[in-house]
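Dumping the structure here so I can ask a few things about it.
Chain nomenclature is as follows: A, B and C, assigned in order of appearance, with residue numbering initiated at 1 for each chain independently.
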Amino acid sequence: MTTDDAQVIGLTLGTATLSTLIIFPFGVALAWLLARKEWPGKSLVETLVALPLVMPPVATGLILLTLLGRRGPIGVFLQNAFGTEIVFTWKAVVAAMAVMSFPFLVRTVRLAFEEINPRLEHVARTLGASPLRVFTTITLPLATRGMVAGAVWAFARALGEFGATVLVAGDIPGRTTVMSVAIYSDIQLGDDGHAYQFLGVSAVLAFAAILFSNQFSRWGGAR
Amino acid sequence: MKYIPLVFLMLSLLTPITIKADEVDVFAAASLTDALKEIAADYEKTGGDKIIFNFAASNTLDMQIKAGAPADIFFSADEAKMDDLAKQGLVEKETRKDLLSNSLVIVVPADNPVKLTSAAQLADPKFAKIALGQPQSVPAGIYAKAYLQKIGIWPQVEARIIPSESVRAALAAVETGNVDAGIVYKSDALHSKKVKTAYEVPVAEGPVITYPAALIQGSKHEDAAKKFLDYLATSSSLETFEKYGFIPKG
Amino acid sequence: MRFQCRRLQLRQGAFLLQVDLEITGQVIGIFGSSGAGKTSLLEVVAGLRRSAAGFIALDDHVLMDTSARKFLVPEQRGVGYVPQDLALFPHLSVRKNLLYGHSHATLSSRVDLNHVAVVLEIESLLDRSISQLSGGQKQRVAFARALLASPRLLLMDEPLASLDQELKSKIIPYLKRIRDEFQIPMLYVSHSPEEVTQLCDRVIVMRDGKCLRISRPEELFEASTSMALKPGVYDSER
């Protein structure tokens, strides 16, 4: 394992972690709104959130590139407001991972909220708790397992993200080359052996993530 | 009347032979896309076999052929990839011809028509992002890096390179305006209205670019492929290539 | 307590709850077969469902008045609610369940934890988790939790419906204790003549979302052991 390899793995883990941390509060909030409330535009939002699951990742990547590029609405805004550019930097990697893994987080957490008996929340209100107190003392604790599972799934999806990432961040060694992209370009170069090494690391990480998720739900269930 | 079933049976036995007009699978470098499509259309119009294309960066095609993809002809943008296949015994050596050359240009987005008097000006930091084909694998990228090293500015620009999967991808990056400049073939620059040529690398100063074409070993359509390969070397085809910005060889 | 429930209108699909009544009593039963709207009425009184129109008041305390655009949210109503499935918080201990609504109650009206625990005989259970309780114990904890929020009114939705006869007869005394010891008025939903007769001083009879009549329990049921409904109970009459 060379330092370059370690850099690739480090970049992959770092961007996936950051991506998961960023989407977590939004994902949980949206999941709760979808689980508990009716509101105008709800099915439109549901569809939008599910799109990255259904569309080819490169199609999502193309949309991101159009929005975040130098001439895209968000790209222009970021240039004017903060003087930064996102495409072809690690920030674009995080953006692609965030968009692609967001639906996984929302779906899992929404299910967790829906499984909570609404009467528990009702009784808590009659006992004098404000909706916020109900959320923090009743809903969140009961949804913890689901939230952890959602985060793990989102993280694992981010680790494996390729199609959108390669379009919007490219394959720039040391800056945007994550593991999936490294495997791809190794194959392009004919360096299959090296690609298999990354494949091994990928498999180990995926295995670890699923193992952790299973163990956590078992531990939580023993309560 | 009672012979009709027999007639149908015989016809049905013949159909596989007659309907199977030959097809030729051509794996060609991305930069050849438009020129080859026009040449193939002319070929088919004059009664030639159907040509099926797979356009990609030459290193990708190299990898695909090695993995067993069904190619009849390989038309590469550099000799290295053709040599690589030849080493593995995948090329019919006697059919190999060096058909074309090309030249490099520096392009910029059409709405930012910068003109350069020398390629060394790329070292200016205002070119924050420069698109090339992958400098380790894509022929256009290898040629570009060789040239930048030759004029001595590679160390300054190396960190600003945005590697692309093929020369057409590099061109596309310049077209979208997401990079400040790109190095592509002259034939690519001519193809696109969304980029302007900022500098043409004189052929004498640039790297030697060679596009070899050859038949692949074990091709299932050898005769048809040979016919098309020969057609590519005719003067009408070379004229078409020239129209698209290539430099016919020999 | 004087309980006013005027011009209530709640539509849910094909079902329409329409209640307009005023009744005074300590333990007011709500009697009717399933689908009559008993639970919906409780939810509207608790503020968990919103009636399109109407006026609800407990003595002088107005919970809702559409003509005055007043609607108290559940946490402000002081209405305790014990649903049929008890809804004990599974992730909290018995003690934490009991105390959930306790700090909210104002100091002067606070019911005391120890007092309630003694009356309902749950002192030894305080540090257990909910999953460790028996059916009857869960029942008493659910009552205690609602009491400890010092409610103005307790809503009980068929509290004994899922219990067997033996357990029922064991729990009814506790309900009587709540009625007598803590003097908190109750709206008691049930389809059991026995419970209604033992606990309630007035009964609202409901059918198809409407209040048919208000009676005393003895006017509704035969005095025999079968406690069958007297004929004509479900005929509209007020």
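Quick notes
In the analysis below, contacts are C-beta pairs under 8 Å (C-beta built on N, C-alpha and C of every residue); 3 or more make two chains touch, one makes a residue touch a chain.
Computed from a predicted structure; not experimentally measured.
The leading chain pair by number of C-beta pairs in contact is A-C. When every chain is represented by the mean of its C-alpha atoms, the one lying closest to the mean of all protein C-alpha atoms is A. Between chain A and chain C, the centres computed from C-alpha atoms are 46 Å apart.
Centre-to-centre spacing of chain A and chain B amounts to 38 Å, using the average Cα coordinate of each chain. Per-chain CA centroids place chain B at a distance of 81 Å from chain C. Residues 43, 46-48, 73-75, 77, 79-83, 85, 87, 89-91, 100-101, 104-105, 129, 145-146, 149, 151, 155 of chain C are the ones that touch chain A when the two sit in their complex.
Taken in their complex, chain A has these residues touching chain B: 65, 69-71, 87-88, 170-173, 185, 187-190.
On the chain A side of its complex with chain C, the touching residues are 117, 119-120, 122-130, 137-138, 141-142, 223. On the chain B side of its complex with chain A, the touching residues are 57, 59-60, 62-63, 66, 84, 129, 134, 136-137, 161-165, 176-179.
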